[in-house]
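This is the structure I have questions about; it appears just below.
First chain written, first letter: the chains are A, B, C, D and E, and each begins at residue 1.
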Amino acid sequence: MSFEPKILSFLCNWCAYAGADLAGISRFQYPPNTRVIRVMCSGRVDPAFVPRAFLAGFDGVMILGCHPGDCHYISGNIQAERKIALLRKVLSDEGVGSERLLLDWVSAGEGQRFAELIRGFTEQIRSLGPFPKTEEIEGKLRAIRTSLEGEKIRWMVGKAPELMEKENVYGERTDPERVREVLETTLREELCKNRIMGFLEAATMTAKEISDKLNLSLKETLPHLVSLVGEGRIGFDTSEESHYPRYVRS
Amino acid sequence: MKTNSRIEKILGQGGFVVTSECGPPRGADSEVVRKKGELLRGVVDAVNVTDNQTAVVRMSSLAACAILKGMGLEPILQMVCRDRNRIALQSDILGAAALGINNVLCLSGDHQKFGDHPQGKNVYDIDSIQLIQTVCRMRDEGRFLGGEEIKGKPLMFVGAAENPFADPFEIRAARLGKKMKAGCEFIQTQCIYNMERFSRWMEMVCERGFHEKCAVLAGVTPFKTAGMANYMKKNVPGMDVPDEMIERMKGVPKEKQAEEGIKICVEQIQQLREIPGVRGIHIMAIEWEAKVEEIVKAAGLFPRPEIE
Amino acid sequence: MIVGNRKDFKEILEKLGPRRRVLVLGCNECVTVCGVGGEREVGVLASELRLFWKKEGETFEVREHTLERQCDCEYIDQIRGFADEYDVILSMACGAGVQYVSEAYKTKLVLPAVNTTFLGVTIEQGVWSERCQGCGACILDMTAGVCPIARCAKSLLNGPCGGSSGGKCEIDNETDCAWQLIVDRLKESGQMERYEEILPVKDWRSGREGGPRKRVREDLKL
Amino acid sequence: MELSDRTTNKDPAKPVGAVMVVGGGIGGMQASLDLAESGFFVYLVDNSPTIGGVMSQLDKTFPTNDCAMCIMSPKLVGTGGHRNIRVITHAEVKEITGPPGSFEAAIIRRPRYIRADKCTGCGECAKHCPVTAIDSYNEGMSKRAAVYLRYPQAIPKVFLIDRDTCIGCGLCERACLAGAVDYGDKESVEKISVGSVILAPGFEVFAAERRPEFGYGVFPNVLTSIEFERILSATGPHRSHLLRPSDGAIPERIAFIQCVGSRDVKCGNDYCSSICCMYAVKEAIIAKEHVPFVKPTIFNMDIRAYGKGFDAYYERAKADYDVRFIKSMVSKVREKQGTGNLLVTFLNEEGKASEEEFDLVVLSVGMTPSQSVRDMAARLGVNLNRFGFCETETFTPLATSREGIYVCGAFQSPKDIPETVAQASGAAGAAAEIIASARGTLAIKKEYPPESEVKPEDEARIGVFVCHCGINIGGVVNVPAVREYASTLPNVIHADENLYTCSQDTQEKIKNAVKEHGLNRVIVASCSPRTHEPMFRETIREAGLNKFLFEMANIRDQCSWVHMRRKAEATEKAKLLVRMAVANARLNSPLTETEVPVIQRGLVIGGGVAGMTAALCLAEQGFEVFLVEKEDRLGGNLLHLHHTIEGGDVKAFLRGLIARALDNSKIHVLLNSQIVDFNGVRGNFTTGVRTAPDMVYQKIQHGITILATGAQEEKPDGYLYGEDPRVLTQLELEDRLDQAGDDAIQLQDVVMIQCVGSRNEKHPSCSRTCCATAVKNALKLKKLNPAMNIRILYRDIRTYGFLETYYTQARREGIVFVRYDAEESPEVKKEGETLLISFEDKILKERMTLKPDLIVLSSASIPRENKELANLLKVPRTAEGFFLEAHMKLRPVDFASDGIYVAGSAHAPKLISESISQAYAAAARACTILSKDNLMVGGIVAVVDGERCAACLTCVRVCPYDVPVVNVRGEAEIDIIQCKGCGTCAAECPARAIDLMHFTTGQLEAKVGALVEG
Amino acid sequence: MRLSYPSNVKVVKLPCTGRVDVLLILRAFESGVDGVYVAGCMEGECHFLRGNLRARRRVEYVKGLLEEVGLGGGRVEMFNMSASQGQRFAQFAREMTERIRLLGPSPVRK
């Protein structure tokens, strides 16, 4: 039996959704694999929805909004682009489905384009095959989801444009490079920490085992352990003495 | 001669005394006493009969003495102050004299804590020195402690025990002096292994002239095994066993250790005889009476002198 | 002071039998000082009883009270007001106190909670040691101030037995040999010659052997 | 705080009664506390956002292995909460103008962005902050948020924003319910008037990168000692688990490399940092205690364990902890490929290069003043020495080159904690001297309304205030439910809840509630009484209630914070804690503290340099002093000294000092006199003194006592001393060198032997000064006759601090140093008239025999006869007979008995400059009592019910301070002035006749009872 | 440090563990607590010199008393910790709670 991908698409009410309707009115044909969620603006799409969708069994996710400049809410689509770019970077760094995520623009008048995008993406996913569900990948997705849902990231993602383009709390403009750096670093840290918490759910582990699982060097791994210890989220398993202490969830 | 004591007589002749001991049985079987008596007959001059030694209940010393006496042996009645008050002690002395027992050895007695009735109450109405005094007074003055006159004095030759190695160091010789002063006529010592220390003690004793009034019989105990030697060193208070002696015991195979023990004992007796002031030997072969004869003979102390 | 030991809790419980209304009575004299029957120990014993009976689900009443002395009837009278409310008085005084309380409350059951052990001194906080047996005829002048009657396991008056070793008594090596102490003190004070004297047999009539004792001082009597 | 009237000096002729202390480390805190307790107002300015300095980063301290934070936190809290100390953090001194006694200081306050008056220290901001930064408290080994508190126990407990890393996202403002975030904060300059200044800016560690051969910064497993200290600490990156950076494994073989950045001419630091040997030993011991299989090795040139009890610690490290000491300098450290392990190259004892593998290398980095401190010194016009430390003179070790500005701690010279603390107290004494006439003019004395009377029989009327603490409590505990519950409890008249109970407006609210509802007990259910009780007590006192009528329920630190995920249970527990507090509060009674007048007069025992200096410091501050000396003249040990190693003229100094002491009308010098009896307590001692030749007896009443009985050179044993005139002690040599027509020029060969009578079984300590004395005298000999051969036989050369430069000079001048081991000390004998000395030469590996003209013995310093004095005063001594201070680290001049202090070599052997510092310190500590008219006593103390007392002596025996006595009535009596309130006696009194106020048996039982009821 | 530990633990503050009275502990059990532990300074670091050492002896004594009355000596314990060892405090709190949980409710509490 041939593989039928399950695709989730978020369509902005004013452009993409209208475009989809137009495709219908125009009887443009496209594959039936897509499930549509209507949102008022592509800016509403929380990046955390994406790993959530993958975890729920979707093989691909599309987000379609208005063309730049056309946003009904002025810049919702631009914000969506930033957020999704960040998400895509994380997904690609982790090697989990960045190629299964599509953000694009469809205006209310582009019924044809809508159908083509759907067709193209469906084919792309079909050729990629089903979303590989290994324990490791699911762990990564869960960690990505948890990280993105955390207050720090949400706040930063939301505030970033203001900081870079308008002014920060000190009435200055923050260097965009710096904002990006902080955002990426923080996300990366959160992600690693959440993954470690995930590993330790099942068993106690040494720093070496954790670093192997994270596919990071020990030197890169240790700071995450230090900060988790500092936050009191993990501790040391003192039940046995060894040269390599085992970490345990508190 | 104050008494009919065989020991007194031998000493009076200037002879060298050999005594040994017989522990009464933990039962009423007189045969046990008789058997032990048989082993010692003719081998030693007198036989000590212990008085509930180590505070373990045994046949009374007086009864066992009477049995030995009946066999023609010369018993020495050991009396401890632990179990009887002055009334009982004096009464037993009269009884012993009546049975023809000529010797008494006055002792404090081991504390009941070590025995089979640690729950018991001890008496210690009088102490061993006072007991010596009491017996002498009964014999010489013919009076009880309370002052009343005795009809028929008990003629006892009075002795005591002495541990030359016991503490306090300061009174090692004085302790003997005090016993002598109380009227003690002979001393049997704790078993001696450290010859050097014993001869030093003897020197102190002789220096003060104690040996003239009070005959010192040096105590010896043959080792049965190396383990016994070790036990004595470690667990018996006041016992001084030199290491080389233990080494010597350990140095021979187990089955030969008894033999070695006897050999050591004999050597010791020979050395002790050379020490000035030593007037006799007291062989305490603990539950090993069968070997006394062998020891006495090997030590050249056989036959025992005759007395008229 | 009089030194005692608390009885085992189990023994106390057995002695109490089915009685559940208990007056725990302390004494603020010797037994307080030697930590066996003062207010604190009364509290401890009362607490133990309450804990035990609560555990067993029983109903009970335990009262704590400490008298200035249990060897004077005026003090003992102080509990007259409420002693009747209890089945039993559990006295934490020495044997004298227990008896005297018992004499004062003839119809009341008075039980000892303490074993009276000896007349002694405080060696250090929490450690007491026997010094006197109340023989009634003190000979401490003869024995350099160390009593061989109380402190020698065999009460020997004329020197140590052969078991004295390294300054310790043959009964255990925690106990000092009284005669070692005497000899040491004689030596220190240059009186070694006193050791040579033979102490005569003791007249025990002044002691317990002469029967229960009583002392009267006429001039103090009312 | 009202500042206006303190910022200008109205009368320029009169000094200002305030002092500025720069630097809030342990030294700065000590100086501030001493001054504030002596009637001066203190501005404590710290560059860092919190006070505490480097000590706050330490895990343990040598030689007692006390937890650094545990022993320091009382000082932190005391400083932070002192009415007469204003802590100005995150600030630096721009300039100081005006004359001494009337300085004006300009202080630049950097913005904190968090308002100190509003921040509650709850930490919500940091929890939310998305930015991470390097945590300098953990030496970069962990991370913190951009808004942070340097360490959990920090004072002030106010967060701040690190503007360099903050991106200005505004999340912290949203998280802060106290409204403390203020992004508009700006740098400001504040001017303050002060009479004198103390500089205590501390040190920074040597930058280990400057010794590239050790690979610091290149190899991850090469750490500095301060980083290692953090790793060992409970608040460190791994929470005290000893893990190495490269892979998180436990390092087994640890190498310590000493003298990194010290004793190093090449990097310009040819001084010794004084502390590294000991801290390395300590870190080795602690590491071993953490992980028993650790094998520490310390590579060193000399082990400089010269302080009190140090040598014993060093010996313990060898014997009990298997710490290996290798006398060798490491030349190179490289990493073993792929393992993270390190290969250490060094010259072994045989002089051959060898290499050993280690899992971790710790560099014992030296002390150096930071650039910012050097810059400040330049701004203030204070001279530095060539190493950048503050320049001071031998006989004025506390004074900087600018009059009125004093110095203490590691900025003056490298030193450890106790010496810093002693010097800090000393600086406080010196700083107080010049402004003594202004004492009390600026110190804040608080006026309170009269206390309303609360009698035991009065019914308790309790007010309960439950705190949300933002969301710290409210986010977990159902605060309204707790408040509701509290109102149902017996005697609770009023119950309320607050967002922040510690905020200023809430204090007013509490005061009003007291009045409105006629409350006579107040309970706050919030955080820890350890930090907040003093403040709330103050509030209810302002409302006219005795402060002991206040009670706290800790529903944050011991409830909401620790049961975050169990909200229902936490709420129940909070209710119960409130119930316990109510049960306890009902029994709280007002405790009065009584005033006991202080006899404002001092007694100094010992008329040497320490005694005279202390007496003068007290006299200069206006206090009468009795100075008692056993001998027939003042001067002590200095009478036998001629010059210091720096070249100072001791004789001239001593003449001046004696003249000042004799001329001072406040000082009564009693020569030929001895103490014969001693009674009383702090503030009120009575001492009997007998004066020869007529043995006249007099009684002196005084408020404090300083012991300065000194030490002396021991007459050596052996080495033919006393048998041959060519064998001398260093003191005798010094005397001889000083004599006119000296024949020393004739000498050809001189041998000096170190550690004669020191560091042995009888006298395990190092005598500290003999190495420097030997170097001093050797240099002097060399000067007289440069051709002279001088050999110094030593075990370790301990020329600590700047003394090291003279050691370097000595070697440069050809003086030969030969090391010997304790087991094979040199042998001196005589063949005919020829003096022979033989010893083992470690380098040549053979036995050398010399025929010297002179042998000089560096003999031990031993205390003067002080046993009787110690018995009279009931003060403890060490096994070697030196006086034993109350606490090795933080109370170096105090005795455990209040009001008695120690100074000079009676405490331990010392250099002259150290004795002077310590004498000032003793005087400053003494002034904390003498400056007060009355002492407040009572409060939480043990009281005896005489009726119930059986006079059993239990209390007398168990009291750790020997306070209880049985009085003439046969009852125990506990002096409330001396009782420290531990309650041990109350817990053990067999008659239960003793109770501890405020922690009475009734209260404790009520509390426990409330735990279970209901 | 906000380390979590079980909410069963309630603290009675004392100036020094030297103030811990044998009777106070017994009274606590009478009131029905399931366990008591005394947390003092590290040995050798007592602010009042040796209060913690005395407390330890008393705790040992109470253990004996509790054995006698059948509650079990395990219900009382002495721990030492320093001010910076929040971690250790939490650990002891957990250990003790776990221990008491195994021992079950105090039989005194009915």
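Observations, loosely collected:
The rule we apply is simple: contacts are C-beta pairs under 8 Å (C-beta built on N, C-alpha and C of every residue); 3 or more make two chains touch, one makes a residue touch a chain.
Just so you know, these numbers come straight off a predicted model, no measurement behind them.
Between subunit B and subunit E, the least number of touch steps comes to 2.
When every pair of chains is scored by its C-beta contact pairs, the maximum goes to D-E.
Chain centres computed from CA atoms place B at the largest separation from subunit D.
Seen from the C-alpha centroid of subunit A, the farthest chain centroid is that of B.
Each chain gets one centre point, the mean of its Cα atoms, and the points for subunit B and subunit C are 40 Å apart. A straight line joining the Cα centres of subunit D and subunit E is 32 Å long. Mean C-alpha positions place subunit A and subunit B at a centre distance of 103 Å. For this pair, subunit B with subunit D, the centres built from the Cα atoms lie 73 Å apart.
In subunit C, the residues touching two or more other chains are 40, 43. For subunit D, the set of residues touching two or more other chains reads 239, 958, 988, 992. Counting only residues that touch two or more partner chains, subunit E has 1-4, 22-23, 27, 87. The chain pairs satisfying the stated touch condition come to A-D, A-E, B-C, C-D, C-E, D-E.
Taken together, the subunit C residues at the contact with subunit E in this complex read 8-10, 40, 43-44, 47-48, 50-52, 54-55, 57.
Remark: subunit E residues 1-7, 9-16, 18-24, 27-28, 31-33, 41-42, 45, 47-51, 54-55, 58, 82-87, 90, 109 touch subunit D in the complex. Looking at the complex, you find that subunit E touches subunit C at residues 22-23, 26-27, 29-30, 65-66, 68-71, 106-108, 110. Against subunit C, the residues of subunit D that register as touching in their complex are 948, 950-954, 957-958, 988-993.
Contacts from subunit A toward subunit E in the complex involve residues 232, 235, 250.
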